[in-house]
Structure formats: structure tokens, C-alpha cells
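Down below are the structures I want you to see.
Both complexes below contain chain A, partnered by chain B and then by chain C.
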Partner chain A sequence: MAARQSERIKTIRVDALARVEGEGAFTIRLRDHRVEDVQLRIYEPPRFYEAFMRGRAATEAPDITARICGICPVAYQMSAVRAVEKIYQIHVPPEIRALRQLLYCGEWIESHSLHIYLLHAPDFFRAESALALAKSSPELRQHIERGLRMKRHGNEIVEMIGGRAVHPINVKVGGFYRVPTREELQRLLPDLRWGRDAAIETAKWVASFDFPDFTDDYEFVALQREDEYAILDGVVCSNKGLRIREEEFPDHFREEQVPHSHALHSRKVSNGEAVPGSDRFAGCYQVGPLARWNLNRAMAPEIARQVEADLPVRFPTANPYQSIVARSLEVLTAFDTAIKLIEAYEPPASPSVPFEPRSGTGAAITEAPRGMLYHRYTTDDRGILTEVTIIPPTSQNQLRIEKDLYLIAPRLVELPEEDACWEAEFAIRNYDPCISCATHFLKLQIERQ
Partner chain B sequence: MGKKPRVGVFKFASCDGCQLSLLDCEEELLEIADRVEVAYFLEATRLPLTGSFDLALVEGSISTPEQVEQIHDIRARSRVLVTIGACATAGGIQALRNFASVHEFLRLVYATPEYVETLATSTPIADHVPVDFELRGCPVNKTQLLELISATLAGRRPNIPRHSVCIDCKRAGITCLPVAYGVPCLGPVTQSGCGVLCPSYNRGCYGCFGPAQLTNVQGLVQAYRRAGVPEDELDRLFHTFNAWAPGFRESTRPVPKETEGNTEH
Partner chain C sequence: MPHDTELPVTLFALGTPHGLDQLAWVVAGQLAARNAPWLSVECIRDPLRLGVISSSGPLLSILDTTLDDLPESPLWRYRWPELPVATARPVSSHAVDLRYALELAAGLQRLPPVVLVYALSAARWAEPQPTLPPDQFLREVADRLLEDLRLQRRHPENARTGPVFSPGGWACIETTRQQTG
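And now, the complex of A and B:
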């Protein structure tokens, strides 16, 4: 230790990692040009959801947990209602499930379009923002305008069913407060058909980008279903043979607190033990669009599979920079699914299923735009929460992001300071890290010893 | 052409939902971007924090020692500072800690609480620096946000009404939920601005725009007690996203003494 203190450390610092939703910081520590360690720190002040929710009614979980993340409130509401419905043994009819799926498609469209066009695409042009990109050429402005319009049509689905785009008010345990009429939903169809075409253009555009050459042996984890591209429910699967029910999640994944971060990391374990191989990154895994598309593309709608087949990017891919292509194919999937759900829509006999509170424990996972979102609740017999566990996608990806940074770090140190910072941010944005989810402000620091 | 006004968007403890409402102004966004210089907006651009601002839009509550310093810095750099959303105007849902022990909360969520830096309370921006205008809502309403931005840039007072949701609801001719169905609704004491959203979806208002001016919160509490709303349910109803807003704060519970100051952990 004494030796270390006497060594000269050079520090490169970026004051904030922009265009990620939230706040965090990265440090890359090098010794003799060898990467010694990498840290992703989360600065987002803790908000203590899991603590203050104790003593609240389980029926409040969808509205309260929505406020964990303003970008994916529907995901929080969906995981919450499904977990509570398991405890209360509520089975919602297929019409209500279909409406939930439609609402979720709206959020996927809005969140993915935001990330592709406003947050991630500027990286491929080395532009500081989408606004700057839009100003740089009429052609690029057209792309950005298309992205904004796609996003708006996603918002419109959420607004129609949920009442508003951020923190919808219409979701409840057992169903909805009010369900839309056929006519109300059908009014959305012309714009959604436009959106489906726009999503095809999007996929072609982003697949034409230059992707940095990078790959690793990833474990991709996602929900899977045999009959549809899983969003609302399914079996937890991976490309390394994992196949478990959502209740079994805690047996296979463990959340850990790390000194440098307010967010909790999760890693894959087997029988409660860290997987062998035990370097610092053992058990890291990836969730989100790339994981889902790699695992579930066979279940995607035909149009999305056709479009994918003609792209210059081949799937499955283990290049995280190509996640933007997977994301665009998921936007296409979401538009197409939304159209079909609306065409087949029959309003449920009643907007929600009645229930009685009871004591018990229930866990549910749904596919938030950024990946699996796990909720687990325990209630007493009056339906008051006694225990709450929420594992957002960003804390699941965190260790994996650190490993990607660890792998590119040797290249970063050869670069001029500004380029190094930018490259690191670029790699992080592959994961669309919604840091408010994982608790959040990003700084990059490279310490050279 | 004169210099474009410099606008900054800042975030404290929050869910990003209010600043996202700004990105949700899709059409208007590129137009606004043509009229102003977006000089700081972490969610949308890589530009670093420098210089001064004609308008600072602040989201989120103050909940760490570092944030106390940051908000003073931002205030010093900004000609007009407005807060957007319940986190910034009232402390947000995370202000529920103000009624409890933060040490207990730390222990529940983190294995090693010493690593986590936090204040015992989550408080509104106006508790720390002078605020020129507070825009309510969890989240804020897009139309109100655009009105606020254009009014501020034009140097006029924004046209944001202070009456209750209940008044808008009557005007819209919606069936009164407490009267017709016995559903507890905070519409009579909540500030308008959402467009009577919940009642038009057959749901009681849960107060996400915070207390309206000149309303009788205690009168409503008494009325719901008489109607048989269980005490714990009534207490939860008033203590959500604006739990710490004066009016809702002390509606059903005494305000704990020890959390009045901003004691550090």
C-alpha cells in the first residue's frame, strides 16, 4: 500500500456522462498500461423505495413504483400488478392481458425511439446531441424528425390507454379503471401503420452505421415464450442453458452492494454460490434488447424477421454496439404487435377483476425496455406490504458494462483524453443505462499509475 | 439577431419524468431548440456545465449534502430559476423518509449503509434557495411546461391557475366520484393542471399536483372520516407524491420534530 501511495497517479476526468438517463461515474485505473480495475459508480441519491413501501397497501405498488423511473413507468406498473396478482390469485382475462401488452408496446416504442434517435445515434456521428445532429444536415434532421414522430405515436398509445405518457393513471391491480372502446383504439391505426414503415426505415438506417469491432463471450438473459415475443411474462432463459421460472430468480441471481456505488449489482450464481472462474466479473450477464433479440427473434412477427434478414448485420450478434439494431427491430416488433392487438381488440366484460387482499409472497418479471424488471412483494392479510424487493435492468447490466469497459480500457489509454472519455460513454450507452432505475450523474475518471 | 437565451435543465433526486416531459414536446422541441441555446441538459447533450443561465429548469428534491452545494451553485448562475414537478416543489415520494428514520431505511436497503451518503430528509428546492416559479405535478403537464418556458423567456408571469381539480371536474360535467360511488377523491383539495385526468378515468384523484390554494384540507379529512374511510387508508391517500407539501403533510399525522431540520447522516 505504501508503495502505491508514493506512485504518481494521473487522472483524466469527465464531469458528467451525458445522454444517459440519470447520474453516475466511471473510473478506470491503470498500472503500467495494464488495466487494474474499472468501476461504475452510481451517484443517484438513494430514494429508499424498498423501505418506505413497507406499510403501504399492495394496491399502491403500481403507482408508487412507477416513480422509480419516468422513462419506463409502464414496466414498473406491469411488474407490480403481476406480482400482486400472484399473491391475490387474480387471473386477468385475455382481453385485459392484451390491453396491457398494447400499453407496454407503447412504452417500448417511446423509450426505444428516444434512445435510438436522441441518445445513441449521435454517438455514431460524434455529435454532442441529437439537436446538434439535426442542425448538421437536412437529411439528418429528417431522420431525427422521424424518430420524434415515432416516439410521439408510442406516447399516444400510452396516453390513450393510460391517461398520460409519464406515470399513467389507469393501471390497477386486477386490470384498469376504464378501458378504451374499439373506436378509440382504432383511431390510432393510421399513425401506427406509418410507424411500422418508419421502423423499417430506422432498422435500415442504423444497420448502415459503422460499428466498432468489439465482442466478448456474453451471457444473454431474457424472458421467453413459445407463442410470442415475450414482454409481459415468460420463462427466464439464457444462451448458456438457463431455464427457470420467475419465482426461482433469487436462487440464480444475487444482488450485491458495492462500496463505490449506490446501486446494487446483480450477478448470476449457482446454488447461491458465485460461479467458478471467480474473477471480479464472474457471473456478469446482459439483459435488454440485444439479449432479447438474440434469444427470441424466432418469435418476432414475420415482418420483423424479414426486415432483419435483409440487413447487413447478422444475428445473433455478440457486438454490443449493434444493440441499436436490435432495438430498432424491437420497435418494429412493437408497432406491428400494437397494430394486430388493436385490430383484434374486444373490450373486456369488465375493466377489472374484483379481489380480496390476502397474505402471501409473489414475484414477477416483465421485460422493461432496458431488460428484465423483477418485483417481489410480501403482504399481510390486510394487503399491507411487509417486504419489497425490486431489481431493475440497469443494476443487472452494471457488472457487464464494467466488464466491457475493462476490455476496451487498454485502447482508451492510447487515445487523447477527450476521445477516451467519449469512447467510454459510447460503450456505456449501448446499454441505455437508465440510472434512475438503478438508483443515478456520470463521471469518467482514468487513473494512471 | 440578439444572443439566444441560455437554458439549463438540472436534476436532483427524481425519476427523470418531468424533464422527460420536455423531450416529449416532440414537435415543439426542435422549435424551442432553434429559439434558445440549450446550454445544459444531461439527458440530451454532452455539453459541460459552464457559464450562466437565463432560465434554469430544476427537477428533483434535495436529499444529499452534495446536492445542497449544487443547488446554490446553480442558483448563483441563473437569472430565473423555476422548479418542475412534485419532487422539486414538495420533496417527492422520497420525502416519506421525513416521517421515518433514515437510518432504519438505510439498513433495510443496503448491507453496508456506511457507503451511502444521504441526508435525513428529502426537501423541496425552495427550502434551500429562492425559487421564481414552482410548476406542480408528478409529472408536470406538458402544456403548462411550454407555457412556463415561453412566458419566462418573454418576461411575463405564466398563466397557471391555482384552483382545484374539483372545479375543473364540475365544469367538465364528470360524475362526482365521492358523491355517486363513495370513492375517496382528493380533487377538492388538489391543484388543477392535469385536465381532470383520474376522474375522467373513473378514478379518484390521488393528489399528484399537490394542495390547491384556499382549500379546506381538514374539512375533507373530516368528511371522509365520517363517510367511514379507514384511518390508515386516509393517511396513505394524503401521503404520496406530495406528502411533505404543507397542507397534505399535517393532514392526518403530526409532523415529527426531529426531521424539521436537515440533519446529516
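And now, the complex of A and C:
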């Protein structure tokens, strides 16, 4: 009885996450310093894409799904066209594939640069924002300026190939509506070469940060190829021995509803079933830059591997706070890859490959900036979509984020409210979660009983 | 202070090619067609672009579209940092609002002494029966904006927040409509 009377329940709740993408919040409930529950709540309304795409032509999928996300529309377009092309048995020529890879590099550059400089770096300085960072010293101001310019050059790639920087319109099933000339692409080269140098400086800068001492036994999952740093396609691999084809994804990963979130949670399963005797976090896994770099850095361009070798951070790493370093090395990879693709570019004989609609099912995964993006479509013989499944990276990381919060929660309870809030958000921002449009200020509430 | 004909003005029109968000670009296109040698017009999508600009004069101007129903006038001039609306979520990976982008640009010392933000209200324009036919309305806006920029660049330090269509604002447009009817 006495013990029960002395029990203390504490709830740490952040109602609106800052510097992340979307309408999210989290709650950590502790009883006598023991974590009872952790919930990452995504309360942004469901958008029903998978439902309203049924009945639409599969050829519309790239443009419709691009609207899911303002920062990674290319990822949606790439996963969509690849899934449909599998159904229609379209094989695009290498020149088309190279242009798609280049387009994707532009998206990685803009998305990663924004997250590194404007969203994540301020955490390492305990700064409220990049603005506060820029004002704090001339040196930091130069860093932020560099990040903005890097982002701009990523936008320019997307604009050149995609037709516009946000929600590009030039991608189609079978290829592109129009392909750029060699001269048009080569005009980008001076800025991309500057960007490659800037990315090296970025990697050195972020690797010098002080990283919280935190690790766990992560399962990192990413696409993998033997001939390049996988972005557009590959086999699904993990550091725990997983190695499957895209089509096998539903056999090894399962989406499930949870009461506290409008987003589905994805977890790794065995033969479609949850691991027997598993705890609440069983099957959680991580996708995104840290997973990719840990698994695939041997396939990165030589310049990125050389830069990594001289950094004070050692890979593979199980410290999620060092994801910012992996992200910076991926920016370097993207700039270098973009330069090489442009230097080798020969316009394809035709912007797209002709095709006929047919019935079937196709699944494709590409590496969005935040991690694997899975699309699976079924069409009828007129090419009309009858089934659609889309699993974005944030759904896949959600359970893993909750486990990170679960693990750091005992430390948070000892902190002042403001610091506890900051630490928890910091941990969430490691994943660059994309929910939709983010908040800036937080309301932290600690309930004591 | 140099003679006013020597003062260049840059106008960034913020928008996209879609829906009401394209209004600033349409007006920018009309301004560019006016051939004012002192005015440089550029259409941009991303407000963060303001963080990497090199301003060539003492006055930077920005035209953005708002869905707010502005009082008196469909076009308002705000002298930064006076801006009427601050969003609760100024920065995310999807969007950076104009106020935050300007604050950041100022922190990066990219802004000239005077920054004017022109807010073009799309509220009444988008009504089922707009006050003016769209092309006529936008031509009117372009005329007024050009005239206002011409005035403000003479003494940018004196620029103040206020309606550009005045006096009467919306009523003035209505009069124009009746005259051209």
C-alpha cells in the first residue's frame, strides 16, 4: 500500500512536434521512473490516396502520388512508374534510367540539405532554429548560407528534368515527356561541382558535432545493388540477414493500425506473422540515410568513401544521432553521381518507350530521401487500377522512433520540462519524419499524480 | 541619395504555376512586359531563395498572393518586418513561410535596407462572380504596383505599410469595372 501511495505517474506530452514534417505529437507515460508507454501520435487526417486511386488509369499514378509529398514527389513518381512498368513489362533504356537517377539525386540534395541545415543542425547547438544559428556567429552564418545554396542546386536539377522544382510533371510511365539536351544539363555542372565541394565541407562540419551517447541493436533496412549506391531499385537487405526481392516485401513486412495514430505502423514479420512472444516493439526497423549508408557505403562514389574515412565518426554506427553524418555523405554521393551522370549523358533516341495497358500486379521500391518507398499496384486489362498499396518511409520508421523514445524516456524524467521536450524532439528529428506540414513551437505538458 | 532614375528595384514574385498561387507570376509577367528599365522581375517558388540573393539596390520588393480578404485594397504594401500574418509552423521540410525566410535572409545579411512585401488578395478575385474579369483585374494590379514601385524607389526610406489602391480600394476597382463595363 505504501509502495502504491508513493507511486508517481508522470506524462511527458508534446502536442505539436517542431522542425519535422507534419501534424504530430508524442506522449511518454512513466510510473515511478518506469516507462509505461510511448506513443508517437500522427493526428493529421488520413488522405485516402490508396482508395481514391482505384478506378484511375495506372498511367496517372506518377502524377497523383507525387502530390502526397511536397519534398519528395520524385520518390513517389519513381516508385509509381517502376511498379506500373513491371505490370506492363516495360524495360526503359539506360539513358532513361540515368535521367531518372539524376532527377532523384536532385531531390536527395534539396531534401537532405534542408534537413541538415535548417531542421537538424540547430539541435546540436541547442539553437531554436537555423535563424538563431545564423545570428550566433559569422562562421555559422556561412554554414547556413552554404546549405541554402546547396538546396537551390538540388532544386535546379529537379526543375531541369522534372519541368518544375515542386511536383514535377515530366515523368511518365515508360520514360519522360521531354528529355533535356546535353547542353541544358551541362549548364548545371559548375554549380554541381561547387555543390560537391560544399558537400565535403558539410560532412566535415556535421561530423564534428557532439553526439549524444546512445545506441541500440537496430535492424537497418535498405535497397542494395552490387554496382551502385542503390536509389532507383535493388534487393531489400538488412544488417540482420534479410535479402528479398521487392515483390516479397509483403511477406516480410506488415502494416497495422494503432489506436493513437492515423498513420499505419510497419513492422518486420516472419512469413507474414508477428514474431511469437514478441514485445511491443518487435519487428521495428529503421530505413533512411543511416540504414543506407551503414549497408551500402562500399557502393558509394570513391570521393564519398574517402571523405568518410577521414571523419571522426566511424561507420557502421548504431547511434541514430549520427544520421546527420550519413545524410551529409549521401548529399556528397548525390552531387558526385549527378556530375558523372551529366558528363556521360547521351539523350535517348526517344523520350519514352511505347506500351500497351495490361492486367497484372507490380511492386516497386525506391529510396526516398527518408527511406524505402513501396508501391504495389494491380490493374485490369484496360490499365485501370484496382488495388493500390503505398508504404512510405515514415510509416516504417514510426515504431522504431517510438522505441528510441522508450529507451531515452528514463533519462527525460530527470530533466526540466523544456529540456525533456527538446531531447525527445531531437531524437525524433534523427529520422526526418515526414508527416506533412510541421510546427515550430511546442507545448510540453508534464502531468504529475 | 542618387537620382531616382539610378535606383534599381528587384521584384521577386512568389508563387507556383497552379491555381490562385500563380497570380503573382501573372502580374510579374505583365510587369516585365512594361519594359521599365529600372525594374528587375523574377518569379520564384521557394522563399528560401531570398537567403541566397545578392540585392543590387537599396530596395527589394516581393509580391505574394494571400487568400486573406484585405481591407480597402486588393493590394497592400507592407514594409518588412511589418507583416500581418505569422504562421504557427514557419519551417518544415515542405514549406518555409515568407516571414521566416525573410528573417533568415536578414540574419544572413542578404537584405537591403528596405524590403517591401506586396500582398495581393485573391479572396474576392476568386469569388464566383469576381469583381473584375481576371485579366483586367491583374492588369490593374500590375499598373498600380508599377506606379507604387516607381514612387517608393524615389525615397525608399520613407516607405510605409498601407493600401496600394487608395482611396477607396475595392470601390475603385468597381468604378473601373463600371467605366469599362
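The rule we apply is simple: the second predicted complex is superposed on the first by the 419 of 449 C-alpha atoms of A that agree within 3 Å, B and C clash if a C-alpha of one lies under 4 Å from a C-alpha of the other, contacts with A are read in each partner's own complex, and residues count from 1 in each chain.
Operating definition for what follows: contacts are C-beta pairs under 8 Å (C-beta built on N, C-alpha and C of every residue); 3 or more make two chains touch, one makes a residue touch a chain.
All values derive from a computational prediction rather than experimental measurement.
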(request) Consider chain A as the common anchor and indicate whether chain B and chain C clash or fit when overlaid. (result) clash
(message) So in the superposed three-chain picture, is A:Arg149 touching just chain B, just chain C, both, or none of them (first/second/both/neither)?
(response) both
(request) Tell me which partner A:Phe52 touches in the superposition: chain B (first), chain C (second), both or neither. (result) first
(message) A:Asp432 in the overlay: touching chain B, chain C, both, or neither? Say first, second, both or neither.
(response) second
(message) Of the two partners chain B and chain C, which one touches more residues belonging to chain A?
(response) B
(message) A:His115 in the overlay: touching chain B, chain C, both, or neither? Say first, second, both or neither.
(response) second
(request) Could you say whether A:Ala134 touches chain B, chain C, both of them, or neither, answering first, second, both or neither? (result) both
(request) Return first, second, both or neither, reflecting whether A:Gly70 touches chain B, chain C, both chains, or no partner chain. (result) both
(request) Of the listed stretches 22-30, 166-174 or 238-246, mark the one in chain B with C-alpha atoms clashing against chain C. (result) 22-30
(message) Output the chain A positions appearing in both contact lists, the one against chain B and the one against chain C.
(response) 19-22, 69-71, 114, 118-119, 129-131, 134, 141, 144-145, 148-149, 151-152, 155, 164-166, 434, 436, 441
(request) Over in the complex, which chain A residues touch chain C? Could you list them? (result) 19-22, 69-71, 111, 114-115, 118-119, 129-131, 134-135, 141, 144-145, 148-149, 151-152, 155, 164-166, 432, 434, 436-441
(message) Give the list of chain A residues in touch with chain B in this complex.
(response) 15-16, 18-23, 44-48, 50-52, 54, 56-57, 60, 63-64, 67-71, 73, 114, 118-119, 128-132, 134, 141, 144-145, 148-149, 151-152, 155, 163-167, 169-170, 177-178, 256-257, 259, 262, 264, 351, 422, 425, 434, 436, 441
(request) Mind listing the chain B positions that touch chain A in their complex? (result) 11-21, 23-24, 26-27, 29-30, 33, 38, 41-49, 63-64, 67, 92-94, 96-97, 100, 102, 104-106, 108-112, 115-116, 118, 122, 138-139, 194, 197-198, 200-203, 206, 208, 233, 236, 240-241
(message) Show me the residue ranges of chain C that touch chain A in the complex, using the header's touch definition.
(response) 16-17, 45-46, 48-49, 51-52, 88-96, 100, 103-104, 107-109
